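Common to both upcoming complexes is chain A, partnered first by chain B, then by chain C.
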Partner chain A sequence: MTTTLIPLSSRPPMKRRGRGTWGLRLAPYLFLFPNMLIFGMFTIWPAINGFNMSTYASSNGRTFKPVGMDNYTTILSDAQFWAVARNTVIYAIAFVLISTVLGIALAVLIEKQKRFKVFFRSVFFIPVLISPVVVGLVWGWMLERQNGIVNIGLSWFGIGEVPWLVDNGWSMVSVIGVGVWMQVGFYMLILLAGLQAIDPTLYEAARMDGASPWTQFHSITLPLLQPSVVVVVVLATIHGFQSFDFIYTLTGGGPVGATTLIVQYIYENGFQSPIRYGIASAGGVLLFVVVFLITIVNWLISRKQEAV
Partner chain B sequence: MSAQQNPPRTWTSLGNVRLSDALRGVVLTAGALLALIPVLWTVLGAFKSPTELAARPPAFLPDSWALTNFTEALTRFDFGTYLRNSVLVTILATVLTLALNSMAAYALAKYNFRGKNFLFVLTLATIMIPLQVILIPVYQVVAGLGLVNTLWGMIIPAAATPTGVFLLRQYMLSIPDELIEAARVDGSGEFRTFLQIVLPLCTPALAVVAIFSVMWRWNDFLWPLIVAQSADVYTLPVALARFNAEETVPFNLILAMSVVSIIPVVIIYLFFQKQIATGIANTGGK
Partner chain C sequence: MARLRTRLLSLVAGLGSVALLATACAPGQTTGDAPKPGESVDPASFAGQTLNYVYFTDGPDEKGTRDLIGQFEQKYDVKVNLEILAFSDLVKSVQARLTGGNAPDVVRLSSLSEFRDDLLPLDPYTGADFKNEFLPGPLSAVTNDQGEMIAVPSDLTMNAPFINVDLFNKAGVPLPDENKPWTWDEMMAAAKQVKDATGVPYAFAMDKSGHRLSTILSEYGTTLVGPAGNTLDTAAAEAALGPIVQMMKDDQMPRDFWLGSGTKYKGANEIFLAGDTPIYLSGNWQVGQFSQNAQFNWAAAPNPCAKECGGFPGGKFMAAFKESKNPALAAEFVKFMNSAESQTTFVTAAGSLPTRVDLNESGVKYADAKTQAAMDVFAAELGRTPQADFATNGHPAFSGSATELVNQVSAVVAGNTDLHSAMAALSTKIDGLVAETKH
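Let's look at the complex of A and B:
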């Protein structure tokens, strides 16, 4: 390779053959084209068209009737939508709080571990790997009221049958718990990477000054881990607002809609009869606004951090 | 470090290091059991008969380790087809993603051309538009192309991943320009240079993208659920969710097929832990 480099400098660039310059100019566009075509057709155009579609009504996906902002007034006066919005916010907040705190705790504990570090890291990551559909149906089986292993286990401690999936409140607790179980290993891995980037000499210095482990945690670990924590909070929030698959097989959104979140609302309006395409599109636009705001807030926070 | 005026000696400080070590071990072990028991219970359940599953109190171990649940699911029900569909979708989608993303990444990393920055920002901006929010309009496009109820309808729409482009571009930036220039001088065409010189050097980054693509596609659910309208194009997760809800397939067979769906991703994880950790650290794994 090096020998061929030598003639390059002695060679005037203009002498390149016609095919060469032409090819060189066109090449990047040809390389980009297939990827951009797919982006354009299946992401960018639908994103633009999504808002447009939310101003039409359709019950079959073929004939569309322009209705202006009616879908939004309908959705915003729909009691079911507000129940779904409430469920989604409750789920997202609980999910983010619990999985972030638990993720930090697991990462810190595992990082301190001298032996079996890789073992623990792998074990906590396994639930992340499992198909959410399988997570939902397996937990649904384990949380069954009479024959579920969880209630059988609790009965050994004298705790009576908990209505995990049949009571409104308990079913939300189950959905949150299973969501955290499935996802916390992922956040743990991001936080572990953040912990490993912290300079260990800081801890040595703190120990020499006689700082207790708790002092070390909240005056070294937490502040320096903050960028990773922000990433985790953002990812978890977006994940929380978009959860669907494991809930679909765990509770099906029930009992009576107590665990139906926004994506299931969009799915049911769009693809299950009675089909209300416009309502589903409007729901998608509203979800986009929420996700977009979260991203903006995240961007503002990370910029503020850089400025400090 | 404001609160360092003589911290009280607690049981966690220097004197009793071993006690805190032991406590940490206990907490982590309890957590590990909580993470593992449901998986273990699923695997054990996959070998049990319907009567064993209904027994109370349940027996811990199955009566026999025969694979009857697995063979029955594959023969009496069409799980062979769903498994094949899942494998096809996963492999084809991953190959397509690698091809599209690496070409786009190469253009963005190694060429100067008009509109480059705009196209790069546009690519990254699509991260903010998850499928869930454009479900209906994407379905309209797929329906317009006649791809509803086909495997291609599941494969193509999500093939161009913004994070894949980003990751590969970052990696390609580290390849020296001289190498590409030298190939040009040797008379190698642009595409041949990309294929024979650049791609082989990107193997580590390609591996990361491929691993994430496989894990994600294998478990993907919402989009295949919408596209697959007849059973012959169901993927494994779609079949499991549908048959579990309809209760048309006995639960012991559902459990057996659940285990089948878990095995490949766990194997991939155990082999590629390092790449997965790097990938997540670099991109947040999305």
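Let's look at the complex of A and C:
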């Protein structure tokens, strides 16, 4: 059987894009429109309005007095803000580092399991599904100094009462620990998906060349897992800077502000007497700028490494 | 393709411009006009109308309120929509409704601070004499700068200590005399004596609250704020709070309880109900649950005296909004709900104190003898409480100042600062908060 090639010049001309194709080209936008409308109304518009409100003073949400950049200068000259910013940075760095390292370790361990893989995956993911408010309350009971189950357990090993929630240092440790416990299952799942996408023949080849498990991890797993790690680092950074709800029920930001993070500072200005919507909005804008810059830096670094 | 991209870009740019133009404007609007004096308050004209009442409940008061609403609906042939919100959401929710032009007609509030400029002056509707039906102290908290009544003090609370009578009896320590209150030193000595004799964990407990701390400040002759602004006498405050801080440092008071909840309010009622302390400083709103849940004999006691005697007042308010679609009906409802008969129904159901002069003179009959005995103690404290405390509690800067008081005391208890520096810092903060309320 032979195939007859028709010269390009003698092919019938392609049908020009007419009105009929407009419908097809518009379809994706029409499908996106309802979602974008909701996103625009409830995310984009409030965000733009937040920028705007940060240049006004208001205590009731109805009467606004223009104050220019005064809200920003007030915040930046407020000693409490800098204490809160320091807490937030400490929390976010520790949270991102521990979550990422622990997430990788859990993902690798679960990936290597021959049996009960689904069981372990579910167990580590369950905390993600629990309401942060409940997480804060339950851990609050467990970490209570005199009757908490954690200190009772430690007492069996001769360790005295640890002031988990009422000492400045220990309360930050507790908050970081609970935050990691709550989110690490989610990061583990992303990293597990990344691990499963790595070609197993690479490991076979490495084993045939006599590579040790550590060399395999270091030379194959980590480099090929990098896109997933970048996603986890970006998400963990955002989660770290936005943490609030479980901390509010766990320590209330105490003792004496030792675990108050930036979102609680915004919440207290925006919703507790004396209400200061302008200050709260300015705090929200500053948080947005910081998270945005960190995300951009992460993205640039990952692009550079991909190029290499 | 290029044309489509150009059009889409134009569309996005256009929408962006509209957004920017919109956001360049002030995000709010001015509030509605004040009602015209002499608007109709003819009850017959209300027939068939609807009223929205936004309410929060402390529990037992809800039934009393529903009963009274039923009577009002029947009497005026109107419909009242009772909307019960969680207390923690009340201010946010009502502010959002005001912003959206959907103001409720009437609201129950625990503080007027957030809505003072939005509340309807009631005098044109209720008559100027209506205000004389209420005690001068609570009335001062609901009177604006023009001397108009902008809310009605619907019920009154009073802070005072509760004592675990069984623990006192077990320790052989005499109970306080209702007519001759303890001094602070006597009360502390008695509390420690009972603790040592009975082995309970604490000698004294109090709610983590700037309002409760204000009781002690008042007894030592100072307040946080008043009509003149910052009224804090830092030396008096140091004298008042020094023993409290020391008791927490010595574990005579639950220190973890105070430090473990940040800036949030926390009630120590569970510590008292567990029988872990002989004395608990709180207020009359605890009477109902203690009557039901306490497994021991308890009693309310008069507040200890220092420079002054008495407790610190609080309470709830009923107010109508200027933006109400029917201000006359709203004012009539507020008046009805606070008549002598209605307030009797409400305060007996809620376990609170009346704000009306006539009811304070005649007294109110509560559900049972135990409740009656406790409420009589709280009512007697009303007479001992300095009148200036009512103005303090109603001051727009009180709530913020009270939160700051808790923060400063917590910092001292945690060892982050000393009491002298903390009170100086508190005074500076109060100056700022008072200035903020004047803008």
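Convention: the second predicted complex is superposed on the first by the 261 of 308 C-alpha atoms of A that agree within 3 Å, B and C clash if a C-alpha of one lies under 4 Å from a C-alpha of the other, contacts with A are read in each partner's own complex, and residues count from 1 in each chain.
Quick note on the criterion: a contact is a pair of C-beta atoms (placed from the backbone, for glycine too) under 8 Å apart; a residue touches a chain by one contact, two chains touch by 3 or more.
What you see is a predicted model, and the numbers here were worked out from it, not measured in a lab.
Applying the stated contact rule after C-alpha superposition, one finds that A:V256 touches chain C and leaves chain B untouched.
In the superposition on chain A, A:E268 makes contact with chain C only, while chain B stays out of contact range. By the touch criterion defined above, A:R145 lies against chain C but remains apart from chain B after alignment on the C-alpha atoms of chain A. Number of chain A residues touched is higher for B, counting chain B against chain C.
Judged by the touch definition given at the top, the superposed model places A:F244 against chain B, while chain C stays out of reach.
In the overlay built on the shared chain, the residue A:G210 is in contact with chain B alone; chain C does not reach it.
Judged by the touch definition given at the top, the superposed model places A:R25 against both chain B and chain C. In the superposition on chain A, A:V166 makes contact with chain C only, not with chain B.
Touch criterion not met for A:G179: it reaches neither chain B nor chain C. When the shared chain is aligned, chain B and chain C each come close enough to touch A:G61. Looking at chain A, you'll find residues 25, 45, 49, 53, 61, 248, 252, 271 touch chain B in one structure and chain C in the other. The touching residues of chain A, when paired with chain C in their complex, are 25, 45, 48-49, 51-53, 56-66, 140, 144-146, 163, 165-166, 168, 248, 251-257, 259-260, 268, 271-275.
Residue ranges on chain A touching chain B, taken from their complex, read 1, 4-5, 7-8, 11, 20, 23-25, 27-29, 31-32, 34-36, 38-39, 41-47, 49-50, 53, 61, 106, 109-110, 112-113, 118, 120, 122-127, 129-134, 136-139, 141-142, 147, 149, 152, 181, 185-186, 189-190, 192-193, 206, 209-215, 219-220, 231, 235, 238, 242, 244-245, 248-249, 252, 263, 266-267, 270-271, 277, 280-281, 284-285, 287-288, 291-292, 295.
Taken together, the chain B residues at the contact with chain A in this complex read 1-4, 6-8, 10, 12-13, 20, 24-25, 27-28, 31-32, 34-36, 38-39, 41-42, 45, 54, 56-58, 99-101, 103-104, 106-108, 111, 113, 116, 119, 122-123, 126, 128-130, 132-143, 156-160, 162, 165, 178-179, 181-182, 184-186, 189-191, 194, 215, 218-219, 221-222, 225-226, 236-238, 240-241, 244-245, 251, 254-255, 258, 261-262, 265-266, 269-270, 273, 276-277, 280-281, 284-286. Listing the residues of chain C that touch chain A in their complex gives 4, 19, 23-24, 26-31, 91-92, 95-96, 98-99, 111, 113-115, 117-118, 255-256, 259-264, 396-397, 399-400, 403, 407, 410-411, 414, 416, 433, 436-437, 439.
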